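Each chain gets a letter, A, B, C and D, in the order it is written, and its residues are counted from 1.
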Amino acid sequence: MIDNFLELTKLITPATLVPLFPLIGFLLIALFGKQLNHVSGWLASAMILASFVLTCFLFINLPGKSDLNFELFQWMKWGNITLSFGFLIDHLSLVMMLVITGIGFLIHLYSIGYMHHDEGFSRFFSYLNLFIFFMLLLVMGNSYLIMFIGWEGVGLASYLLIGFWYKNDAYNDAAKKAFIMNRIGDLGFLLAMFFMLFYFGGLDYLTVNEAASGFEVGTLLITSITLLLFVGAMGKSAQLPLYTWLPDAMAGPTPVSALIHAATMVTAGIYMIARSNILFAMAPHTLDVVMWVGVATSIFAAVIGMKQNDIKKVLAYSTVSQLGLMFAALGMGAFESGMFHVVTHAFFKALLFLGAGSVIHAMSGEQDIRNMGGLSKYIKITWATFLIGTLAISGIFPFSGFFSKDEILANAYNGHTLVWILLSISSMLTAFYMFRLFFLTFSRDFRGTAQQQSHLHESPWTMTVPLVVLSVFAVIAGFWGLPAVLSENHMFANYLAPIFADSKEIMRAHPHVDHSTEWLLMGIATLAALISIGIAYNFYIHSKLLPEADAETKGLSKWVANKFYVDELYDKLFVRPMMVLSDLFYVLVDKLIVDLLVMASAWIIGFTGRTIRLVQTGNTGLYLFLMVIGMMVFMLIQLVY
Amino acid sequence: MLSLTLLSIPLIAAILLLFSRGNLSRNLALVFTLVQLVFTVYAYTVFKNEGSAAFEFLANWSVKPVLNIHFAMDGMSLVMLMLTNLLLPLIVLSGYNREMERPHVFYSLMLFMQFALNGVFISFDGFIYYIFWELALIPIYFIAFNWGGENRAKVTLKFFIYTLAGSLLMLFAFLFLYNGSPAHSLDWSSLTNNPACSCNQTWLFWLFFIAFAIKIPIIPFHTWQPDTYATAPTQGTMLLSGIMLKMGTYSLLRWLIPVVPAGVAEWQYVAITLSVIGIVYASVIAIMQKDLKRLLAYSSIAHVGLISAGIFTLNLSGFQGSMVQMFAHGLNVVGLFYCADIILNRTKHHEIEGLGGIRLIAPKFATWFMIVILGSVALPLTNGFVGEFMLLFSVYQYNTWLAVFAGLTIILGAVYMLRMYQKMVLGTAIKENMVFPDLYWNEKIVLVTIGILIFVMGIFPRPIMELTEPVLKNLIK
Amino acid sequence: MIQANPQNWYLVLSTILFSIGVMGVLMRRNALIILMCIELMLNSVNLLLVSFSAYAGNSEGQVFVFFIMVVAAAEVAVGLALLVSIYRNLATTDIDVLSKLKW
Amino acid sequence: MVLEIFNVRKLIVPALVLGLALIFGLNLNDWNSNQSFFNNMVRIDNFSVAFSGLAIFVTLLIFILATDYYTDDQNHISDYMAILTFILVGALMMFNYANLTMLFLGIETLSIALYVMAGSKRFDIRSNEAGFKYFLMGSFASGFLLFGIALIYGASGSFDLSKIADYTIQHQQNISPLFYTGMFLVVFAMLFKVSAAPFHFWAPDVYHGSPALVTAYMSTLVKIAAFAAFYKLMSTTFFYAFEKVAPVLAISAIITLAVGNLMALAQTNFKRLLAYSGISHAGYLMLIILTAKNQTAGALFYYSLAYALSTLAAFAVAIPVFKAAKSEDISAFNGLAKKNPIHAAALSMAMIGLAGIPPFAGFLGKYYIFTEALQSDYFYTTLIAIFASMIGVYYYFKVIIAMYGQPANEAKMEQSFNYNLVLGVCIVLSILFGILPGPILNIF
């Protein structure tokens, strides 16, 4: 025990350093960005690499099933409430830290090439480092409050990065939208914290979990808390109905989309629920909500994704859809499956985005897949890695997506048949639109301008190396979580087991599906994916179909292409009324009613003054008369008294 | 004696400044405000935080009517003093590269204002407190009126009469208390130890409340404020919004709650409801504001609405949070108005529409502006968050649904601030012939100081909370 | 002599006189007549004082009467002077004309 | 006190000033020496000494102003000065009287001299009108005063204040209705003199029409004298019959406050504005009369002093401004801040002082009055007085706004040492007494 303790204390410094490196990087670049110029890219990458190395060190040295929970300083303290600033390093956070720093490093590296010609080069890297810092805070914090710091901090970084090209107002709008929608979720998170602070007396996970265990399963309190937390997760992880910011967020540079809007930040919601697994386990109703929201989002986004023509938009909707899948997993109580999909998704989606970035790089900024085609000839590495990513996300054996998705589907089959059907459809749609994207981009003939064609080139090594590395992981990551039929040892689930042990106990988890069923399920999934691919092939290679131009889209597909007009709906439902209300309050209530009341009282006084002044006619006779009247009245008053 | 020193420095400076001219007056003002800051910091270092007031100065002023002077400082006063005396040098510095008529009078008035504000925060006798309270009104009126923008005569007069009307109500309340107290003492301790008969507390509460509500301002007593903020010269607006409205919130804690506890307990719900309505109402109005300073004015109403809501919850979170937030809001709003001033001064354009691209030519300014905005929208690790977190929590403790409603501020705040930032600073639509030099040295000092403090306070808010904790704990009792 | 009649008679008489004076001041518009009415008021007071003095048996009241007479004379002198001045400027003694100063 | 027989015109004023200074000193010498003279017609006590001192001081300042005011009219300066001195004499009698005879004489000496001074611009029809109106109404009121005195005499058999008081003590249960009627008539006459509503009608017109210097004198010395006399009457003679008259006084105070402040709002003429402001201040001072039973002479004195200082300061700025602009409208002050910032600042201070805002003595005076009024349970009256002072701020600030907010007019204001001297003295004292009120507040 003592040994264990000593060993743990030794880890405090490296653990503290993990988020500190990116922060230092951010400060250095922010202050000396001009002088550092292109060095800043390397500096930033080095900082993340350092964090990554330290994280690996922690990963290796964290003894057994123990966790490292330490306090840095007291942040706020009043009355009997103490809110400290502290970190918790356990298996769950380590997984996230590895993903963040690992993929983060690769994306930093990639960005050096991608952003090379941008005038805001060092600014970009300072923001990226800032993002990593906050993201690490989010996952490393030992309380909801620290998580909330990271939570809002990544929102800020996301805002800054989406609006990175601030000259474009549409990008700025997208950035603003992302920030505000996130804030809506944050309010839920904040209120959840108030509930916890009030009823549990603290915000750190230990206190909360301990206090929560004193309540019964399914009490209103826990349900409220978890629902509010889930509202926060909906905002951050782009679930229905707060998802609309994520597709717009593609306005940011592509590495940003890869890092923030695919691999890490958007999965914060899943991390949060996984982190609160005990609370959620105690709130079965919330879990149902989470599951159904996830399923709905998954299908909805997949449908929209089928009709998108912007390479990044397709990926964005696929991200939303995949996130929905993860939430569905969480909602079923399969926390480790959800987390597993987070990890695999991080790899292949980052890969896809980076690939898309490489494509856009090659195409000199073109993003519309209708104007691409035949790129496999020009950018071989990108093509190959992109294919791997596409196969992975479509759930083809033995790529990583297959395993993680299969795990979720198996969980769904085991108890929620309807969910299983819906998620399978969603997977099919995913496979379809991903291959639609792939075929339209890389196969057939080039459809862009001649000028674009002449510029087609493979990206520099800083960009291709991350692609290759990620594609390797996109392939092998699945083997960390082999299904029970293939291996007795589900490495990933075992690693996270201590985290979810209590909640599993509360939920009394379902027995595993038997092997034959599992085989069957895997077969169905693969078959479905292959059918989808076949359809896509038939449409876009065989029949040489092209998505029609925007103007020609009609009927249902027009609805789909326009994302079911959800943005317009929100605009009409919330934004416009808010603006009208604002004007109304200002002009009508503030100026007309409230101020008028004030001014009217002043005016009445003034008017009285002007009126009674007329008594003073200047006529002495009247004055004398009034004086005598006054005396008589006074005398009368006196008599009455 | 330290209390008197803190009062005399700005007063002497104000008089001295009248005999200086031009740049000399600026430098003198800066020196004096810095000296004052040093003394304030000294007071902080020697202050022993035991929940009671220190540095007492007691004197009899007049036998009939009984007038006493009682200056002292407790944790709450110290926080406010630090805020005041920290902001003043910044405000003085902010005017360094601005042309203005008769700067010596301007700065003299400003230091006179500092004198009055210091007085308000260290007065422990109702009468002397009232005098300083009124005294603070005169210099700011003249600053706003003489150096103000369009329509200043009407607007400032409205401001003056409106706030004075409130003060007179408070005067009446004090007069009544004076009469009711056997020794005719308005001393803070005697007022708090022998509260008025609860039969009278209702209307006493309203008299005090309206006086403070006008100053703060709480909806619906706010209509003087946007006009005045928009019209006053920016340094005046900084004084008004940064410090002067804190007089109102501070007084809620110092006078209203301990002096008429029964009245407060009875009408608490009205006060909170008004405050919370004010938060949302002002935020919503701010969304579509066309004028930059007016937008900031409404945002300020929203923020102080939260402060007063927190105070009226009567729990420790609310009290502590309000103190933290007063300090934070003071810093942030001064920063915001300074940024507004920088824009107005260079572009002569006070509307939010029709500007843009400032970031292209003045990136440093854009960055610091952003930082101040972040503080103002209460991003965690900035000072705004600590206060808002505690305040919202206190409102939550009072009523969950009110907290949800008040919590809208974190959404709406982001909406109007980011909208404004985007329209004015981002984009490419540069106004024709716009000359926008990046920050000058004095602007840099001011904004960087504020920016750094925003984070320092956001990460280490403990000193303020420790300073006020004993006092506020006593208040709860 | 004076005591021959009940005191109230004097009181009533001087009150009536005083009232006549007041009514005169209120109803007439000619400044001179108003002046005379005021004199009437003062003289009614004189009568009252003298009667009171006689009944009370001390002479203070009578002394006071002399003061009143002196003051009244002074007052009339000043009043007439002002009236002359006004007459020179306006050629009228109607007090209704004197209404330049109003509101 | 008879100082009018001088030939060397230039010396008149300095000599008078010197004389006044002398009397001022002599007067102070009488502090704490309670004596009575002339068969108890005149009584000197601290009350009278203090107010005499104040009156002499005000007159002193007025005379200093007069040197420059009458530069264009040197021929009559001796007459003017003499008459002004008579006003002082009347005022002093009103402070020292111990007998209704002396009160009457004092009032008449003061009034008759004032009638003359009000009409002293012979060729100005406004001045004529003011003088004559004042005369008519004043003598009309004197009639009532006399009738009242006569009735009191009839009831109590004496003019002596203490004897009348004795009468009320001895006949507490059966005070003659004659006495009450007389008391009311006297009170009405005094209300007229202090220009309390509804007997205030003369004040605006007379202030408006009179020469500015006379207006200044009227609004300070005369008002103070009237109030002091009124106060003395109420606090001593009518002490035991006070309850009878209190409601009337309270109503009068309320109407006065309302009328004075409301009617001032729309004024454009500065003197007329100050007249209404004077009426409103009469309203505040009425609160002291209301509380006279509680011996509130200190409040009366302090408030009078504060009011006099501020008003004189205002006139010390206004008179040269009027001369330069050839107008007495508030617009004459337009842009004064640009031309004469110090004068503008001083006038602002005077206005703020009149409005009763700290740190000027005016505030403390009001505070004192309000505490006393509340102590005597005039709750609503005090509340109305507070509301009235809110309104008051508006019209005082109209002047300030004209000075600072309006573009400057052409007229150049001549600088004069004497005006500046008075101005300086008034402002300094007004701040000084505002900050260190102790000695004055607790004078009695």
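In this text, a contact is a pair of C-beta atoms (placed from the backbone, for glycine too) under 8 Å apart; a residue touches a chain by one contact, two chains touch by 3 or more.
What you see is a predicted model; the values in this text were computed from it and never measured.
Just to note, of A-C and C-D, the chains joined by more C-beta pairs in contact are C-D.
Chain A and chain C, compared by their mean Cα positions, are separated by 98 Å. One finds 26 Å separating the Cα centroids of chain C and chain D.
Distance from the chain A centre to the chain D centre is 78 Å, each centre being the mean of its Cα atoms.
Centre to centre, using the average C-alpha position, chain B and chain C are separated by 66 Å. For chain A, the set of residues touching two or more other chains reads 613, 616, 618, 620, 624. The multi-chain contact residues of chain C, meaning those touching 2 or more other chains, are 22, 25, 95, 98-103. Looking at chain B, one finds that residues 161 touch two or more other chains. Applying the touch definition to every pair of chains gives A-B, A-C, A-D, B-D, C-D. Contact residues on chain C toward chain A in their complex (touch as defined above): 22, 25-26, 29, 95-96, 98-103. Residues 158, 161-162, 219-220, 222-224, 281, 284-289, 316-317, 320, 357, 359-360, 374, 379-381, 385-386, 389-390, 392-393, 396-397, 400, 403-404, 407-408, 410-411, 414-415, 418-419, 422, 426-428, 459, 461-462, 465, 469, 473 of chain B touch chain A in their complex. Within the complex formed with chain C, the chain A residues making contact are 613-614, 616-621, 624-625, 628.
Partner chain D is touched in their complex by these residues of chain C: 7, 11, 14, 18, 21-22, 25, 31, 34, 38, 41-42, 44-45, 48-49, 52-53, 55-56, 58, 60-61, 63-64, 67-68, 71, 74-75, 78-79, 81-83, 85-86, 89-90, 95, 98-103. The residues of chain A lying in touch with chain B in their complex are 74-79, 81, 148-149, 151-153, 156, 159, 163, 166-169, 172-173, 176, 179-180, 183-184, 186-187, 190-191, 194-195, 197-198, 578-579, 581-583, 585-586, 589-590, 594-595, 597-598, 602.
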